[in-house]
Each structure stands twice: as C-alpha cells, then as structure tokens.
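There are structures below to look over.
Here subunit A shows up in two complexes: once beside subunit B, once beside subunit C.
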Partner chain A sequence: MIFLYSTYNELIKIALKPRSYLGLAAITGLVGIILFALHADGMSMISFVTASFEQTLRFEGEVLNGNLVAFIILQMLIVHIPLLVALVTGDLISGEAAMGTLRMLATKPISRRQLLGSKFLAGGIYTLLIVIWLGILAVLVGRWIFGPGDLMVLNSDGLVIIQENDVLWRYAGAFCVAFFALLTISNLSICLSCFSDNSIGPIVSTMAIILLFTIIGTLDVPVFDPIRPFLFTTHMAAWRSFFEDPMPWDSIRNSLWVMTLHHVVFIAVAMISFNRKDITV
Partner chain B sequence: MKYLLFLCLPFLAGAQQADALFGQLVQKFKKVHHYEVLAQIKPNIPMIRILPVRANIQFQYPNSYKIQSAGISILPKNGFSELPQLFSKPNQFTVIASGQETLDGVNTSILTLLPLDNEGDLILAKIWVDATSLLVMKSLITSKTNGSITSTFQYAGEKSWGLPARMTFSMDVKKFKIPKGLATDINRTSRQVDAPQQKGRIEITFSNYKVNG
Partner chain C sequence: MSNAIVSIRQLSKRFGPFQALKEINLQVEQGDIYGFLGQNGAGKSTTMRCMLSLIRPDAGEIELFGQSLTTNREAILSRVGCLIEKPDFYKYLSAFRNLELFSRISGKPSSRPEIMDMLEFVGLAGREKDLVGGFSHGMRQRLGIAQTLLHDPDLIVLDEPTTGLDPQGIIDMRNLILRLKTEKNKTIILSSHNLHEVELICNRMVIIHKGESLVEGRVDALLQEEDQIIRIQSTATGQAQAIQVLAAQFPNLNYRVLGLDSIEITLAKDLIPSLNAALVQSGIPVFAMEAKRKLEDYFINLVSA
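Coming up: the complex of A and B.
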C-alpha cells in the first residue's frame, strides 16, 4: 500500500514540475506544425515518395489521409520523444538529491527498493501519458482533419498499402511497442539519475547514450554487426514492423525481448546503486 | 511504272483493309455513350503489397473515366484510358496492318497506330483485333514518358458492346526505386535499393455493366 502512496506522491511531484508539461506542449506544437504543413502541401511530399512508382502506375483514392498523417507524425516524432521523456525521468532521483529532499524521503517508512520502484512506476506512467497524448494528436486529430483511408507505407522492401479496417489495431500495437521502447529510455535515465546529484547530468547522459547507440546502429560497418542487435536503439523502431505485410512477429518478439533485458538491467543496476547510495552528504 | 504499281498493290490493299477494320472498331466504340461498371482491381506488382480493391468505374464518351474506390487502388498509368482515346480520334493516326497472330486460339489481325503528330506523348500503339467479332484482344501502348504497357482483354456478356470482362496489364517494374532516407528501417542494415527487372501485372475484373442506361 505504501508503495502505491509513494507512486502517487511521485506523480504529484511530476505534475507540479513545469518541465513535465514541456514534453506535452512540445508534442502539441510539433504535431500542430506537421498537421498544418501536410494540410497545406502534403501532396507534394507524397508525390516525392511515390514519384518512382508513378512513372508507370497511378494511385486512385485518397492517399493523403488521417492514417498516413498519423504514420508520418509517428515517424517524425518518435525519434525526439526520448529527450522529452528523459527531461522528466532523468530528474526523479538526482533532482531530489540536488534539492536535498532525498534524505527526508528516506526517513519515511518505505524501503529504498520500494521508493525507487515507485519512481520507476511514476516515470513509466508519465511516459505512457506522453505516448497516449501523441496517439490522440496523431491518430484521432489526424483522422478528424484528413479523414480515414487506406494507409500507404514506404518500407525498404517497397510500398505496403494497408486497408483502412486493418489499420487501427496496428496503430494500437505500434503505440504499445513505442511505449515499451520509450520505457527503456525512462528506465535508463532513472538508472543514470541514481549515479548523479544534479539534474542535467542524467538527462544529457541519456541523450548521449541514445546518440552513440543510434550512430553505431545506423553505420553500415561490419565491425558493429555483432553488437548492433543488442543495442536498445536498434529496436526502438520496432513499432514500424506493425505496418509491414506480412507482419514480422519474430522480429517484434525479438525486439521486445532485447528491450525487456534492458529494462531488467537498468532497474537492477539502479536498485543496487540506490541501495548503496550515500544520502547523508 | 506499271510493274511498280503491281508490286505495291498487295500493300495498298492491306492498308485499306487495316483502315476499314479500324473504322469498324471506331464505329463499334461509338455505340457506347456511357457505362458504369463494378471492378475488382488486383495488382501483382513486385515491391508493392496491396490487397484487391473494389472500385466503381464510370465512362463517358469519348474518353472520360471516373474511378471511385473505397480505398487506394493502383492502375497502370497507360493502357486503361488510352484505347478509348485512340478510338475517339481516329483521324490522328496512320493505321498499318502488321500481320496476323493467334491469341488463345483466336485469329487476330495486328494493327499498328502511328500518331501523325510527333509532339505528343504516344509513340505507337499496337492492337490485336479479332476481325470476326470486332474485339480488341490485346494492346501494346508505347509512350515517351511511361514506356510500354501490354494489356490483354477477355470478353463475356458485354461482347456486343466491345466491353471486356477482364483486363490484364503487364508492365516493366525495373524503374522502381525506393528513395534513400525515406524508407528507414533501423532494424535492417543492408537494404536492396534497386528492384531487379521484373514484370508487374494488374488484373481488373469487371461485373454489373450498365451500358447507355
């Protein structure tokens, strides 16, 4: 019970911090800009993608629709959301250490493990809220403005056109996987937060790790081939697999396993570090 | 001079026959003022995955098509509306008889249509015509911008109007390229950017024709 109270307290602390709304505001602004741009000149962007096919074929029907808009938004923003998540979750331990409230928190009748667990849970709930907000803006607002329709997705294998009645469950699955990927970021930043006594360090470190892993993942150099499958950044785009045909379930399962492994490692390292952390200084 | 004329006679006769056959086709085409038909479009194109789509197609003489589908459908850029265009402007082409060929057991006459105007997009059109029932069995449209597209036609109930029950288009898809950077699958490090040379097919099955109704 005390664990839940502690989680509730953590959520209140997150809600009272202005920076928590920065992520939601940034997503709202960015989605608004993308929606406006696509509404004003979306067809030219679509033509750029389909130009190669349109030399021989022509596409009939509403190609630029709410489902495609949601996909474009997801593709554009999912790369930047880790920063918005880390901005809040990276501060959960180190922020308290910097303000000196960690000592007071530890005097409560709650174990350090439970205290840290509640912070992980609160960070996860905040991440979930960010993903849900992105989902509402991308899918619901996108469909409201542009209307529903078949989804045309460009993969490295070619074009996949998914019928409208087959799209929404894919989005649900994609958002779940995207949430799981962002939860990795949340857990990483909380883990790093245990090692720091200032807010900026864990946030910057999280972004530096993401950048480093992304560069290693995208560099098509054979020397990185053995480690690439084990980097969490390699699997952060696993949500896209929901828009392939046939769906690569094995690849999705593999990505979830790798990300789960990262969750376990980050939480375990954080637990060990936080249990040993000297909070008296 | 007499001998020269004598030698040219078979060619002149052939040209007249080709003109006459094309003229008969044009007359048959003119009988259809408008029609509406349900179509099932089934593309089978390398690098494109799409399920068959149902569409409603409306035609208005001479060459206006309106296609309404519930979702996204794929049609060949050439070949679908070009044939009516050829038939609606018969004076803009030179018709050349190019021999005979048997297609699926049907003896057909091959007509080559060369545009008189060199500035247009169309380079040449070749049509295989069943002269006895005045039906186009196959066409090959070659244009400057879109290359060649072959269409084959199968007929059923609307034979008398010259309207097909099934059209199959085949086209070269070697030109399809996925723009780098747009298709970013992070999970895949090596990707095939250029498609190998393959043939794509689009099959359209027509049903519930409403002709001149």
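Coming up: the complex of A and C.
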C-alpha cells in the first residue's frame, strides 16, 4: 500500500513541477512547426523525394496524407525526446538530494527499494504520457489536418506502400516500441540520478551516454562490431520496423530483448546503489 | 527492566580516512528529553542519521523500541518523527500539499482536518495554501515540526532545531519541546551546540567529542559531580570584608576578585549555605549571589581535557 502512496506522491510531484511541462510544450511546439511547414510547403518536399520514381511509378491519391505526416514527425522527433524525458526523470533522485527532501523521505517508514521503485514507476508513467501526447499530435492531429491515405515509406530497401487500413495498428506497435526504448532512457537517467546529489549531472550524463553510444553505433569501424548489437541506442529506432514489408519480427523481438536487458541492469544497479547510499546531504 | 526507547551500542562509522563515530554508547528512556551535546563535527548528526537509517554504520547495534533497526526499519520509523538539520520541503508545493505528501508515506496518512489542526498547532494557520518557497526559515522550521508530529510519533528526533531562529523563535521552539514532553508525554532527542538550551530543557544528555561519547547520564547528576562557581556581588567595602571572611572561615576555597565589587568563588555545592550564612552574619551587603553557567564550564573542562 505504501508503495502505491509513494507512486501517487511521485506523480503529484511530477505533475506540479513546472519542468515536467517543458517536454510536453516542446513536443507541441515542434509538432506544430512541422505540421505548419508540411501544410504550407509539403508537396515540394514530396516531389523532391519522389522525383526519382516518377518515370517508373505513377502515384495516385494524396501522397502527403496524415499517415505520412505522422511518420515524418516520429522520424524527426524521436531523436530529441530522450532529452525531454531525461530532463524530468534524471531529476527524480538527485533533484530531491539537492533540495534536501530525499533526507526527509528516507526517514519515513518506506523501504528504499519501494521508494526507488515508485520513482521508476512514476518515471515510466511520465514517459508513457510523453509518447501518448506525441501519438495524439502526430497521428490524430496529422490525420485530422491532412486526411487519411496510404502510407509511402522510403527505406534502405526501397519504397514500401502500406494500405490505409493496415496503418493504424502499425502505429500502435511503433509507439509501444518507441515507449519501450524511451523507458530505457528514463531508467538510465534514474539510475544515474542515484549517484549524484545535483540535478543537472544525471541529465547531462544521460545525454552524454546516448551521444557516445550513438557515435559508436554509427561509426563504421570493425572494432565496434561486436558491441554494436548490445548498445541500446542501436535499437532505439526499432519502431521503424513496423513500417517494413514483410515485418521483421525477429529483429523487433531482438531489440526488445536487448532493451529489456538494459532495463534490468539499470534498475538493479540503481537499487543496489540507492540501498547502500549514505544520505549525508 | 530497562525502559529504553533507544539503545545504541558500540556504534562506529568512518567516512574514508575520517573516523566520524567511535564506539558510541547511549540509552534514551521513555519520557526523556535527551540532549546530544557536542561541537560542530563532533558526530551528533552522524549518530542521529545512523539512528534513522540515513547512514549505514560500520559497526555497532541500534535498537529502538526494543527492536533492531536493521531488521525492523519500517516498523520502527513509523513510530519516529524527525527533523534532521534544516527542514527541506518541495518549494513549488504549498505547505498543506507538502504535509499531505509526507503524511501519506509516514505509515499513518492524515486527513485534511488533521493537517489543518497541525498547521494551527505550529502557528501556521492561514498559510496552508502558500508555497513553501516563500516561507522564512522560522516558518519552515515550524512546518518541519508539523511534519515531524503529524503521524503522532512516540519518539521525536530534532537535530539542532533552533539553528537560524530569531530569539522569539528560539523561545517558541523551546516551549514547544517542553509542551510535547509535558502534554503529550513524547520522548525527545535533540542535538545542539547551544549549552544553555540543553541545560534548560534536557533531563539527560550525552556529550560527544571527536566521534566519541565522553559522558552520558542525567544532566543534574553529571553537574553535581562538579564544583560550583558562584559570583557574589556586593559593594567595594563588602568585597574587602568578604575576602577577610573567606580567609578566616574558608581558607581552602579558591576565589578571584572581579572588578571593584564582586568575587567569583569555586566551591562544593553543600558549602554554599554556610558561605551565605557567614557573609550575612558578617553584615556584608550581598546584592546578588548567582551560579555561573555550569554546563558551559562542565563541557569546556571535559572537551579540553
């Protein structure tokens, strides 16, 4: 019961902290800008992309539709959302330590595991809300403004056309995988937060780790080949697999396993560290 | 049978090369107002933090309410209210919301009327909707006390509760602590480097110095062990006469002359009535006969030994 009370407390703190709305406001602003830009000049961008196919293919219907817009938004924003997530979740322990409230919490009759567990859960719920908000803006608002239609996706294997009636469940799956990937960021930043007594450190460290892993992942150097499949950043874009045909289920499953492993490691390290932590501030 | 609420045995803690606590022993009994005395960095706060499981000790045993803190942490902490160092709250939340949050995880969630009553008890009625970020230090201290008492704990631990308060705030805090003892029969542990405060409100104390407990026991009993220092104020003539009386009737007493009209005498407590009688019988006008602050001397003698 006390775990649920503590989780409820954490959600209230997140809800009443102005910083929590930065992420939602940033997503709203960015999606608004993308929607405006595509609405104003989207067709010239589409013509540029499809120019090379126009001699062999004939496009019928509205290529620039809500489904394509949602895909473009997801593609553009999913890279930036980790920062918005870490901004709140990286502060959950270290921010309390900096404020001195961690000391007050730790003298209450709740075990440190439960206290930390409630923070992980609250961080996960916040991440889910960010993803849902992005989904609402990208898919629902995108479809409302641009209308439905078949989704045309250009990937490394060529052009994939997905029928309108086959798109929505793929978005649902893609958002679930994107949430799972962002949950890795949330758990990483909370884990780092256990090692710091200032609010900025874990946020910057999280971004530094993402940057480092991304660079290692994209550098085409054979020495990194053995570790690349195990970096969580390699699997952050697994949501894109839902827009391939046929769908690479094995690859999606593999990505989920690697990310699950990261969740377990981050939570375990945080639990051990927080349980042993001397709260001296 | 021991009535111990807190029992600490052989408690040690090291931070890197620094030995913060070295085999601390102490016992707090039901109804005590127990003082932790010591200079800054002596180990008072570290002992309290160990007692509240904020810090893991390297060695030693801590029992509260007859149970081991290691194995019964949550059950024990549900009966403890504490204010360690300065009271820190969520500055972006109101006073009411802060108390509500802490009460929810205190083992006994409080209702809205209970929180409002507590705010009134600590003198913050009408400020419940104000953000804590705008509170003065004194107001935060009061809110800290409210947070400490809200779940009606049996043991209250206060770490330097008067630090940073203005004189009126110090008096209010002192009265509040005494009320908690007399009206609610709480057991209170408080740390302080304010000797006067401890002497005024504590019945038992421990003196911690460089991580070690030097003495522990009843304040009055510990001070009985020491000779008294009393200051006698008379007139210039009276001062000269008093010196003659001391030389004639109390040749073994140490004294020193202060200014033109006073003398400071060190003597055993049971000699004070006869000294008083001798001065009066000699017709010496005595305007004041006051004990110098005892705990202060006791403490200084002890830590400088």
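Operating definition for what follows: the second predicted complex is superposed on the first by the 279 of 281 C-alpha atoms of A that agree within 3 Å, B and C clash if a C-alpha of one lies under 4 Å from a C-alpha of the other, contacts with A are read in each partner's own complex, and residues count from 1 in each chain.
Note that contacts are C-beta pairs under 8 Å (C-beta built on N, C-alpha and C of every residue); 3 or more make two chains touch, one makes a residue touch a chain.
Bear in mind the structure is a predicted one, so any value in this text is a computation, not a measurement.
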Clash-or-fit label for the pair subunit B, subunit C on subunit A: fit
Taking CA centres, what is the subunit B/subunit A/subunit C angle in steps of 10 degrees? 170
Looking at the overlay, what does A:41 touch: subunit B (first), subunit C (second), both, or neither? neither
Where does A:220 make contact in the superposed view: on subunit B (first), on subunit C (second), on both, or on neither? first
Between subunit B (first) and subunit C (second), which does A:16 come into contact with in this model arrangement: first, second, both, or neither? second
The chain contacting more residues of subunit A, comparing subunit B with subunit C, is B
Where does A:58 make contact in the superposed view: on subunit B (first), on subunit C (second), on both, or on neither? first
Look at A:160 in the shared chain and tell me whether it touches subunit B only, subunit C only, both, or neither; answer first, second, both or neither. first
Please state the minimum Cα-Cα separation between subunit B and subunit C in the superposed model, rounded to the nearest whole Å. 41
Looking at the complex, which residues from subunit A come into contact with subunit C? 2, 5-6, 8-9, 12-13, 16-18, 99-101, 103-111, 276, 278-280
Of all residues in subunit C, those that touch subunit A in their complex: 15, 49, 52-56, 73-78, 80, 82, 84-93, 97, 101-102, 104-107, 109, 147
Touching residues on subunit A, where the partner in the complex is subunit B: 48-49, 51-63, 149-150, 152, 154-161, 163-164, 217-218, 220, 225, 228, 233-238, 240-241, 245, 251, 255
Quick check on the complex: what are the subunit B residues that touch subunit A? 45-51, 53, 55, 67, 69-78, 145-147, 149, 171-173, 175-179, 182-192, 195, 200
